[in-house]
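After this come two complexes, each holding chain A, first together with chain B and then together with chain C.
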Partner chain A sequence: MRNPFTLLKRRWSDSRKARTDGGTTSQAGSILDRDLVRSAPFWLPPFLLVGLFIYGAIIWNIVLSLTDFQGLGSPDYSALDVENYVIAFFGGTPSWSELTVSPIWNSAWNTVVLMVSFSVVCLGLGLVLAILVDQEIRFENTFRTIYLLPMSLSFVVTAKFWLYLYNVETGLVNIFLGAVGLGPVEIVQNPDLKLAAVAFALIWQFSGYAMIVYLAGLRAIPTGHFEAARVDGASTIRMYWRIIIPQLRTATVSALVVLTVFSLKAFDFLFSMYGGYQPGPSADILATRMVREAYANGNWAYGSAIAVLLFVMALAIVAPYIYTQYQRGEL
Partner chain B sequence: MAGLAGCSGGGGGGDGGNELELLHAWSSGDGNAAIEALIEGFQEEHPDVEFAEEPVNGAARSNLDQVVLNKLQANDPPSTFQTWPGKTLEKFDGAFEDIEGDVWDEDLKENYLAGPQEQAQYDGSYVTVPLNIHRINNLFYNTAVVEAAGVDPESLSSASDVVDACATIDAETDAVPFAHQTSGAWSTGQLWETILLGQAGIDGYEAFINGNGDREQVESALDAVVDLTEYYPGDSSSISFTEANTMVMDGDAAFIHQGDWAAGAYGNEDGFNYGEDWAQVPYPGTGGNYLLNMDSFPYMANNPSPEATQQFLSYCGSAEGQVLFNEKKGSIPPRSDADVSSLNNFQQDQFEEFNAADNQPPSVQHGLAISPDIATNIGNAFSGFLESNDAAETAEALINAFN
Partner chain C sequence: MSTETGRPEERSLFGYSLPRLGLYAILAGMTVFYLIPIETGLMTAITSPETYTGQFPYLPPLEPLVPNTGQFSLASWQGALDGLGQGLVNSLILVVPATIFSGLLGSMAAFGLTTISWRGQVGIYVLFVAGIFIPYQAVLVPLTQFWYNVVPLRAVFEPLAALPLVETYHWKLVALIITHTAYGLPICTLLFRAHYKKLSDEMVEAAQLDGASVATIYRRIILPLSIPMFAVVFIYQFTQIWNDLLFALTIVQFGDAAVVTQELVGIGVSQSGTNFPLRMAAALLAALPTLLVYVVFGDKFAKGVAA
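On to the complex of A and B.
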């Protein structure tokens, strides 16, 4: 993934350099001869398409969230205000509805809890798995495949699958809990366990991905570091903790970004587990709330406002990563 | 094909021919058989009308609504689509056209009962044609199981009688007394509205759907639901409606409260016969009421095929079309003059009860009685109720759903 802007900048400075070196061609000829112009047929169409459909759509969505667009018809862009955000934070009766609209705190909080717990546990588990698989064990490839396999399943499949596993009477999870004396427990509709159960299933699905990223990171560390640590008499735990793990920072950050994005997609999982976009207050996330507002109620502008808030949350997590990469000149 | 249609959609459909664009979500099972039968019957009478029939796949209706809304935003309405009548129509406010006189002639007005006729109207004009009626207030039971426990469902007369009967079944047999699913909120929503109708009567029920519900009545009906939870299957939160219904068919459960689509599965099961192995009573306390869930086809304004659409809707309003459709769907025709002799015995009994019913109130859970945003609030209330089983808190949320 190379940023088109950087590419552009480099191209410009290249051509400028050439000019100060004393180009002899005429001005008009030099514009047409520039790399930037000559390569335009290759980069311009995707650049415009991405610009229009990704960034254009984001901007349109932000504008839409400032309107009162509700129901059928077309939005009125002449009167923009932040009412939808006020409603999102404080609740109340907006001008476009006769009903009271509740604020988004509950689903925002659930989203954060899900995002953080899922990402952190996934990374931890992925690291442990990667270190284990890295011990030059037998059947290494087989284990790697087994751990990674759940990721190839769609959320719809895993949601139905875990619905079976969590079954109070016949589910494997409850049979196991029964065997260790914790008795069968209601999980799927238990307000205290619901969100944890969703996070657990997602962790099962994606820790294999974290493992692969870490494994690649581990393989990139020269054997000399391991040997030097051994020679200096470091214990295994100390070696990993002080020497190896600090070198996995880049792997951690890039895995974290991808995992965060996956957790925002938990909508599919909740939708198929609870048969719709009403998973109940203790598992309601911003994505389900957004779809309810937009498609069940036709509150398009309010749905857009929730989408913008979700976007800002995702950006808040991804931005520091992009920024550090930029500072290190890796972008 | 769909992609192509999408690309040229902005153009506005072009020649305005006689091609009827019909959107529905009956992409499989009995629903699909029913719509095929209806279209086949219609085409025999009108061989010149072309169909661009598009089943919209996915989670039943919500996905279909989305497709229709997108088309309406793009100013490219279909000729007609499958929708619940009543307040659900508010979601498509302004997208319909009055068809009184053209489709809703004297014949239809005479032969539709007051309840369904009211649901066909939006803001006082007739805009849609109800095609079938599912009843919500049924209590189905496995005859062998209730007999083994010494319970006579016919003798039950209130919601608390059902709870007592469940206690007896629990004590006397190994079967689950009340098959119910709680992974999604809709089954519990319709159970509650049925009990409310029984306890508060038609007046209390209508007060609720008009936003003037009595808190105590609402909470008392919720309490009755809480009393029943004890008799649900232990794993109710992990099963679907189909699995709960199968428990009744297998003799693993005694009762199930459901719309009469549940009976469709019984009819397909060999050796599980109406009147012998299973039967139905109106949910105790709701006798004399036929709690309605209907599907209908509206007439869209700016119609791409005006003449063909009117012909089709008139056919949907005819006794012949309705019988063809309902034969396969398992529901009953809304027209009281329909000849139901080709329907099965259960449908015939339901049809008789429908025509004799004192009231035909619209269902809350199935979108007839309340506008979509209130329905979302009520859905939220019940998805919370499944977690907490807190009647007081849920009653508060249900009353506030209208504010």
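On to the complex of A and C.
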């Protein structure tokens, strides 16, 4: 006769162990996983909400992108085709419009340029700041708090600040450029500078985030590694370059993924800076193009198709990240 | 960690070595870089629009003591309050319930997927985590369809508008609350799960042996231990929802239910009058709640974003 309590206890410790090594349990025989059922009241309602609003909406969006939904009224799901994707890639006059619709390459290119320049500079600046803040300085908390402060602001608010800073007559950036003999320069409406100006403002807002992630990474490195390098007589720069920075790979990857996704969401910033859906061709990114096509032009299905492409881009970056996290058992 | 050990400190000034002083100079320079946009905005916002010259936007308005800096005035803040008032109220109606719901549901989901362990839960959890990284553009058109054509929320609110304090346009805010709750859930679940993984198993196992139900374990053990994490999650969600523009644009679109970020965009649109004191006052007013939360709970905010 087995004591039901020991059984229960074993069951629990079994599944506990299973969690740490990330997979199967020894309960393969049980038809009904009781803990699944008993914990369902807790995870199922949130899961249904996420399932409906995120995954349901994504699937619906894919279906919508295959329709000709345009203007007022409701979508017609009876005739599905990939016309919108053909238009997105090659341009042309779609069946749902009399006007020529341009392909997405311009905004796709801007998206990539913004994404790469923004993320790389953010990471570089964040790393330097993290190393500087990690030198056992006084007022460390104050410095950290100040560097992260812009991140608590809305894209809409930071866009208003930078619109002012970039102003050609009274903006601080132009006062500075004038003082060093470069300026005043029209920035916000200048096709050559627009995207760089947006990237710079976003770097101001989010480099503090990269610093926080790197700082956590630096703090996780055993003190011994620093000391060993010192004993070997390595210079500070050499020590960081050869020994410390290679150990920050995990921090780099996770910060990079988050920053990349931030840059895909820069819509709010552009909308606020340019007071609407029209940032102009040299600062148009996919996120802006999609919302403009759908909500300003009423080309709902075409907007959905662009959204699917944006989603695929995000997936290509995020899926490998989540997969490696899963394999390492860090989820 | 001590990276300074063994460094010879021969040259020094005020008790600091020269490299140390250089370090502090760089840190101070970066402080200026991060603060001066906000500082300039604040100084401009308290300058009267009539005397604003824009020559020294970063100096406090000290006329007539310092020429060309403009005179002190809070008129722009009154203007900003008039322009954003309705938006501030709507944002507040939206942000409080949405923050609480997403935090509570996130905690429940993390509990069901972490503390109570069962086969395959990681699969469900992956779907939650992936939701953090979705570009919201991929759901916008279905969201608009859902709230405008599928759910008759407006029809529910029309008769309710006879009640005091309820207006028909509140249906848009309710739609926005549910939307923000759903899209906030992934990050809330992630934050709570990280916390619950660190909790010791022994208490839960002991309670389990005592015959406590899953609900009792949550209420009596996990919930009290979650309070520090609730602070982190609430602060993070409050900031995210208050700062959002995209969902408001696509669900509220326009009208009486416009939230503060939408109204702030509008204040800057007029190209004719470059009334920078008003624009800056409005930007700071819209940012005030998140700035306050950040200044008071900065460490918790840092914890939220670093997770």
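Everything below uses one rule, namely that the second predicted complex is superposed on the first by the 298 of 331 C-alpha atoms of A that agree within 3 Å, B and C clash if a C-alpha of one lies under 4 Å from a C-alpha of the other, contacts with A are read in each partner's own complex, and residues count from 1 in each chain.
Convention: a residue touches a chain if its C-beta (ideal position, glycine included) is under 8 Å from a C-beta of that chain, and two chains touch if they have at least 3 such contacts.
Since we're looking at a predicted model, the values are computed, not measured.
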item: First (chain B), second (chain C), both or neither touched by A:Ala307; value: second
item: Contacts of A:Gly276 with chain B and chain C, given as first, second, both or neither; value: both
item: Partner chain in contact with A:Leu177 - chain B first, chain C second, else both or neither; value: neither
item: Which of chain B and chain C A:Asn167 touches, first, second, both or neither; value: both
item: Which superposed partner A:Ile54 touches (first chain B, second chain C, both, neither); value: second
item: Touching partner for A:Leu36 - first (chain B), second (chain C), both, neither; value: second
item: Contacts of A:Tyr295 with chain B and chain C, given as first, second, both or neither; value: both
item: Touched partner set for A:Ser154, first chain B, second chain C, both or neither; value: second
item: If touched residues of chain A are counted for chain B and for chain C, the larger one; value: C
item: Where chain A meets both chain C and chain B, residue numbers; value: 74, 163-164, 167, 169-171, 271, 275-276, 295
item: Contact set on chain A toward chain B in their complex; value: 71-74, 97, 99-100, 163-164, 166-171, 184, 186-191, 194, 271, 273-282, 292, 295-299
item: Contact set on chain B toward chain A in their complex; value: 59, 62, 65-66, 69, 72-73, 91-95, 182-186, 233-235, 237-240, 372-377, 379-380, 382-384, 386-388, 400, 402-403
item: Chain C-touching residues of chain A, taken from the complex the two chains share; value: 5, 8-9, 12-13, 15-16, 18-19, 22-25, 27, 33, 35-36, 38-47, 49-58, 60-61, 64, 74-75, 129, 132-137, 141, 143-158, 160-165, 167, 169-172, 175, 204, 208-209, 212-213, 216, 219, 221, 223, 226-227, 230, 236, 257, 261, 264-265, 267-268, 271-272, 275-276, 286-287, 290-291, 294-295, 300, 303-304, 306-308, 310-311, 313-314, 317-319, 322, 325-326, 331
item: Touching residues on chain C, where the partner in the complex is chain A; value: 1-6, 23-24, 26-27, 30-31, 33-38, 40-41, 44, 53-55, 57-58, 105-106, 108-109, 111-113, 116-122, 124-131, 133-143, 145-146, 149, 179, 181-183, 185-186, 189, 201, 205, 208-209, 213-215, 218, 239, 242-246, 249-250, 253, 261, 264-265, 268-269, 274, 276, 279-280, 282-284, 286-287, 290-291, 293-294, 298-299, 301-302, 305-306
